[in-house]
Amino acid sequence: AEDPIKVGILHSLSGTMAISETVLKDTVEMLIAKQNAEGGVLGRELEAVVVDPASNWPLFAEKARELLAQEKVDVIFGNWTSVSRKSVLPVVEELNGLLFYPVQYEGEESSENVFYTGAAPNQQAIPAVDYLMNNIGVERWVLAGTDYVYPRTTNKILETYLMDQGVAKEDIMINYTPFGHSDWQNIVSDIKRFGSAGKKTAVVSTINGDANVPFYRELGNQGISASDIPVVAFSVGEQELSGIDTGPLVGHLAAWNYFMSVDSDANYDFIDQWIEHTGNEEAVTNDPMEAHYIGFNMYIEAVKKAGTTDVDAVKDAIIGVSVPNLTGGYATMMPNHHITKPVLIGEIQDNGQFSVVWETPSTVAGDAWSDFLPGSRDLIADWRKPMFCGSFNTATGKCGASAGEMAAEEAE
Amino acid sequence: MLPRLSPPQLAFNRQDIIMSILRSLTLLLIALVSVLSLPASAQEDDPGKALLNNLAEVPASRVEEAINAIVSSGDERARGWLEAYGNNRLSRIDDTGQVVIVLNNRGRDWEIANPLTGENMGEMSRRELDRIAINNRIRGQLEGILAMLDLNATDPDVREASAQDMMGKVDASLVEPLEAQLEREENASVRNRIEEALAIYRVGEGNLEAVDVLAGSLHPRARAALNEAVRSDNPALADKAEQALASIEQKLKLNRAAETLYFGLSLGSVLVLAAIGLAITFGVMGVINMAHGELIMLGAYTTWGMQQLLPGQPGLALIFSIPAGFLVAATAGIIIERSVIQFLKGRPLETLLATFGISLILQQLVRTVISPQNRTVVTPEWMSGSLVINDALSLTLNRLYVLAFALIVFAALMMIMRKTRLGLEVRAVTQNRAMARSMGIRATRVDIMTFALGSGVAGLAGVALSQLTNVGPNLGQNYIIDSFMVVVFGGVGNLWGTLIAGLSLGTINQLLEPWAGAVLAKIIVLVFIILFIQKRPKGLFPQKGRAAEG
Amino acid sequence: MWLTRPLRERSTQIFLGVLFAALAIVTFLHVAMPEDSALYVSAYTVTLLGKYLCYALLAVAVDLVWGYLGILSLGHGAFFAIGGYAMGMYLMRQIGDRGTYGDPILPDFMVFLNWQELPWYWLGFDMAWFAFIMVLLAPGLLALVFGFLAFRSRVTGVYLSIITQALTFALMLAFFRNEMGFGGNNGLTDFRDILGFNLRTDATRLGLFIATGIALAIGYVICRGIVTSKLGRVSIACRDAEARARFLGYRVDRVQLFVFVVSAMLAGVAGALYVPQVGIINPSEFSPLFSIEVVVWVALGGRATLYGAVIGAVLVNYAKTVFTGVMPDAWLFALGGLFVLVTVFLPKGIAGLLASRRKGKQDEQDTPTAPSTTEATA
Amino acid sequence: MSIIEELSNRDRVFEFLTPAVSPVDTRHGPILYMEDVNVSFDGFRAINNLNMTIDDGELRCIIGPNGAGKTTMMDIITGKTAPDTGSVWFGSRHNLLTMNEPEIATLGIGRKFQKPTVFEALTVFENLELAMATDKRVIPTLRAAMKAEFRERIGEVLETIGLQDLRNQLAGILSHGQKQWLEIGMLLMQKPRLLLVDEPVAGMTEQEMERTAELLTSLAGKQSVVVVEHDMGFVRSIARKVTVLHQGSVLAEGSMDQVSNDPEVIKVYLGEEA
Amino acid sequence: MPTESQMLKIEKLNQFYGESHTLWELELDVPKGQCTCVMGRNGVGKTTLMKCVMGEETTSSGSIQFDGGTELIKQKLEERSRLGIGYVPQGRQIFPLLTVEENLRTGLAVRKDGSKKIPERIYELFPVLKEMKNRRGGDLSGGQQQQLAIGRALVIEPQLLILDEPGEGIQPNIVAQIGEVIRRLIKEDGLTVLLVEQKLPFARKYADRFAIMDRGRRVAEGEIAELSDELIKKHLTV
């Protein structure tokens, strides 16, 4: 038989991010096992190469290099935080690898070698705000986030968007907290005060990771219920809820592109498979897992289409590939290396699941460059030839420097 | 309760509801009497079935009507249905279209019951069930309806809560029923509430006297109404409202200060709890215990484990966790002491290295054995919510308990160190081991007991922290730095120092937070610690004199 | 001369010999071996080794203050990171208009967060000489101010350790803030070239590796020079009996300050060399746990020997590399276990093991041990 | 004894080694002058209106009950403890209360502690090397080279204190008495103008005591020496002028005979038979 | 001398510090109810010998018999004080951060009568200690600390009291007083005392017997009256 296709898995198994990332490693392993059970692809088996970058950003780059240069993997599934992706990016570009990134992020990036299967801000944040504004009648906004790039960018985008929609500046409160913040008393009490001005208020939360549990606890204890001031979160999924006493949270919201509770056969099959794989009846699925599911299947399709695992061929082939997602529709890889996704708003239920209360009528294509940031308004990404550019400036008609350099390199 | 404006697009006629509710209440009474004799048969032509099917089938825009229909039907089961609906427990069976109540919605197979008869229908795969959709807006309305029902409850507390719910929501249609209620109401505080609720409406109507009623109120709704009034074109009203507001602001300021103080003490108590075990193992014994955080983590996991053992009894489990958490962490402490620390006598800095290794091992152990994910620890009923002092000041109960717990643990520890022989012996052993042994003190035993004590206290901290924050493998890491900071800031080896340091650092942090923001506040506190240590190089309560220089 | 004295010393000669031999062998194997040869050292390995050497230099810096001066710095990561940031800023400016937004001056992260102009503290970093001076000056200055305050008021022992920790913690939080203008959590990345050499070529990587090796050699000699000079003995005197040294007329605070600043500068250089090799600098380098880990390397290698610090740093990081690859789920057990076992069974670290092997010949002066009574606890 | 004289000959100090401080001015009287000094610890008065002067080149013995404040007095002189009130002058130019320990030491006040303190992780030789009177600033220390001359001087002192055989041993393993000697050696290396010696002969045999006595008397004249000691035999053998401290102030002062016949002194200190 | 009357019988004791042989085949008898004084120059191993008896240093061979039978070498350090050995080490070794009273209380654990109170007698012997009851041990002056160390050893009501240079740093009248106390305890309680002392007058006055050590060996022994100038010259002068 031929050599197996090597699939690198670059997710932290220890350190702070292990909480989120370990399941993604398991997911990819599960997908590989399933694919192998179906005979692999192109007659070749798939083989997982797992490394642990240990929530350490430079280590991500090092491990990526190890995967590509030493292990010679054909594709990498990995990363959670944006900083780790930023760290890995130069490496995959230099060594011409393929990276599937499964988590929602701040956008403002499009690399020839990276496929963004998580949501861009326009696939999560903006629809969520639309929902709150139009369906709930929210007029006053708290943008609460952890102090780093994703929340900052998202909030910047949202602020511009909200002001465009006619929300007054004093009706927006922005608040940042450090990573792992655990004492929310003051902030929640501020939110409470802010929300008592007589206008319907909502919190848009880009609070990351561990800080959420104490945040929701404090909300509950200070008597803020979802019907008073709903919180819509972009980083709280089933996985996170499984560590929270959901009793007091019922009714708070989250915006994702997938929920475990989605009523579709594909989803039920996926859940069954997952439970079987983990051997845990209580195991939950979540949005980034779906993103890997989609990314993985897209990769398989692209390899089939290209007839090879050669990186350049796969890169070409994958644009336009459509695979079923888990919510009953299809995801397509767009030329900007982002995919199409439906946007769902879910309410937290007492069983740690979300119930979908709203959904975009059709799927939304991810924007690499936000329309609401002055610097990137004019940029687009298109990795099809002849444009073949991650940041094409429609105003000047020129491609950003990165592609220019690459072209120069190719000429050498 | 917080204000909620009914969104304009809501085509909900309040008067209709009220009327129907009042009507249904009477019917309910009659029904209640008769239902006892009524056999739960005749399902086919049960009117409830149609009502529920209707609820399940109507498009989202007409859900209100369907609810209305249920309420006004006067069916005595209505409340149960609506509650189930509100809790997302109403589903339909895909094949038959039958509406069922989901009793247990965890896992892949759900336990269901017939809403009409209450009969348990066993388990059914999730795939075959279709949830009847509800959203926040509807849930809010449902809560309102249920609250209205409560205005007639026998328990005055329920009535008060219900009246409070009405604040700011009173419109012309409600004035009359409320006034009638006021007539009947005997309980003073409920009356107050109703009066306030009415006054808010009246101020909006330009009524001057109503302003007086609101002048003393701290309720945000009242303030919102007065704020409106200030902006009104009636100068007399605006004037009066302004005065009322000024006096309210005054009171609010006081309350605000009290609140901040509470926040500070509460954060401080968390710091104290986290640090106090370390004040023993590190401060007294001199072991630089980097695994302290993981001992806290063990305590927290014990709470989780207890709650797994006693499902449905979170409160009891929590109480049992206190001794259990202590024992688990103390046992872990003994194992650490016996297997590693005892070999590092006289090499305190190396304990840093070894315990750092232990902390890595313990973290990964939890990740492998239990899960890398956080675990759910339930807050028992009596610990959730807050103690309401007044409309502007309420103290969250979980933190209140933690504060008290911290003080108790501190006092107990103080007793042990001051009043028992162990306290004396451990200090003697750390100050001069060989000499202490020459005096017949069994140093090994003292070491074990002290380390166990410090570790056990860390476990207690874990039990408390499980009520405030994540229970996960990283729990310990989040507290270790702070703990060392507190112990050192207070002055190594001084328990009082640890208490005062924790409380004051917590308070400073919370005082700074409102104007500096959470991140900056933390930075400022750290810089403060650095500068403070320059002033007092041996912490808040230094060991003074020659003795310290040894 | 104090700097040449170590060169005549046997242990330093051995150290430098081993180091340069390693550099030469790696370079040879990388350049001369065919890629498919078993002996070929890939660019990946070269960079990996380069990283170890940076850590080694950092560990040497920590050992200088901890081993010989008794200052257990739990905040040396701060100096390392600041050196790294200084280098990162230079590398950022070198990107020029090749960033995604093509802004010739502003780094990408400033563009999309809508900054209009470069903050003042970024000025000058487009010039290599300025940046390289800052690599030394920024950590040095921080150490000077911090050390001046701390030593002047005679902060010692754990108190000193904890405020160094507070220092690095505060800096971490500050650098996380996007408003600081250092790229927040995402830090500085996407570097292109250094001194005109493309960072993404193997040759540059090899160059950086060799440069790091040389920096380590120089750093080692400087430390050794200090340690074997009279000042080194005064340091030990300050470490063990601060008051006594003072009564002999030594300005203990000045001695501490001097050595501390030198050490901080070395750490800064280590950070500066680290950044172009790993390709990113982000505030997590400021994390207190990282600084503690550095101390652990030193302890594991053997405190107050300098070469022990090098051994410890390389060994632990090599173990990490191997374990995270071989047993991704369980490597922390292995690493944690290693720490425990070494502490219990090798009280003087690995260097202690080596020393006891060649005992007899060795003169005592080489490894003064600290009496435990004056350790950093109360 | 010529060695010692040689060593303590201040004129032989090389220019570049001279510390950068102005010389002590004793033209107008005593080398040490303490007036109305008070110290209390948590309300306990350890030094109580203490007045004392030491003349240049004098050898002074101080005796007094345990806890009389002798060590505390030395702490004040060397800058370790700051008095609550009072003034302490070194010569007529230097107000010691405004200086810190290294400054005072550089000025020429050396001290031997009651509990011998040496640098345990350094060898005996190195201990002496560090004590040597040289430029103690950081950079000069870094650049200092070990000259043959220094080596010789250290060798001489080693001989004086009888620790030649142990010169390369770590000071940490010395016995109590050996440490005492080493500390005296360090004091000799330092060549101070004023030596404060706290209980030098504790733990020494009679013979060693004699040697110490000789050593101290030979120093007097060129250097001023203040000795605190409880061994009356020893005190008697060296004493010219004796001060008795009691409860933080001077109880009696005078020759040994005067003092030892003072009934107060007998009562609080010497006991019946001394 | 019959063994029953020996409180301590040391035979062929050898001790090493690392490689260096400190005690060589050392023999020493300490008769009951008497004060035996060990003398010798600095560094000959007197303190080391005391530490060996107390168990603070380990011995390589030899035996130390206590009270006619118990082999001390087999006993742990903390058990030896329970047998009734009180120890006043050289350099005092008081607990600096404990108060004077607490320092004394550390000795209560091993008292046979289980008393929880510090015997009044200690305060009678050393009145300073009562006066400074609440001051921390480390704050005391050197001599006060020495008194505290002796007082602390007496709290356990020992049968054998080991004193390593107890007069060091103590004012003359108290030294004399300590000597008297020793005598009194010997007479009244039948205490046995093992004393290390350099000062001849003190030794001559209060000791019954002497033993001289040189370079780790016992080189002379006898009644105190037999301590001749010749012996002194030979072994005690440099």
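We call the chains A, B, C, D and E, going by the order they appear; numbering starts again at 1 in every chain.
The rule is short, and it goes like this: a residue touches a chain if its C-beta (ideal position, glycine included) is under 8 Å from a C-beta of that chain, and two chains touch if they have at least 3 such contacts.
The chain lineup, named per UniProt: B = Inner-membrane translocator; C = Branched-chain amino acid ABC transporter, permease protein; D, E = ABC transporter related protein.
The model shown is predicted, which means the values in this text are computed figures rather than measured ones.
Any chain bridging subunit B and subunit D, meaning touching each of them, is among C, E; the list is complete.
Counting hops only between chains that touch, subunit A reaches subunit D in a minimum of 2.
As a whole-number value, the distance joining the C-alpha centres of subunit B and subunit C reads 44 Å.
With each centre defined as the average position of its C-alpha atoms, the distance from subunit A to subunit E rounds to 76 Å. Subunit C has its Cα centroid 35 Å from the Cα centroid of subunit A.
Residue positions of subunit B with contacts to 2 or more other chains are 363-364, 477, 493, 519, 522, 543, 545, 548-549.
For subunit D, the set of residues that touch two or more other chains comprises 41.
Counting partners per residue, subunit C has 173, 176-177, 243, 329, 332 as the residues that reach two or more other chains. For subunit D in complex with subunit E, the residues that touch the partner chain are 41, 44, 63-68, 70-71, 114-115, 162, 173-178, 180-181, 199, 202-208, 211, 230-233, 268-274. Taken together, the subunit B residues at the contact with subunit A in this complex read 1-5, 7-9, 87-88, 105-108, 126-127, 130-131, 133-137, 139-140, 143, 168, 220-221, 223-224, 227-228, 259-260, 263, 266-267, 270, 363-364, 367, 372-379, 384-386, 394, 396-399, 467-474, 477-478, 509-510, 513-514, 517-519, 522.
The part of subunit B that touches subunit C in the complex is made up of residues 282-283, 286, 288, 290, 340, 343-344, 346-354, 356-361, 363-365, 368, 477, 481, 484-485, 488-489, 492-493, 519-520, 522-523, 526-527, 529-531, 533-535, 537-539, 543, 548-549. Residues 72, 146, 149-150, 152-156, 158-159, 162-163, 165-167, 169-170, 173-174, 176-177, 243, 288-289, 292-293, 295-296, 299-300, 329-330, 332-333, 335-340, 342-344, 347, 372-373, 375-378 of subunit C are the ones that touch subunit B when the two sit in their complex. Remark: subunit E residues 17, 41-43, 47, 90-91, 128, 135, 139-144, 146-147, 165, 168-177, 198-201, 236-238 touch subunit D in the complex.
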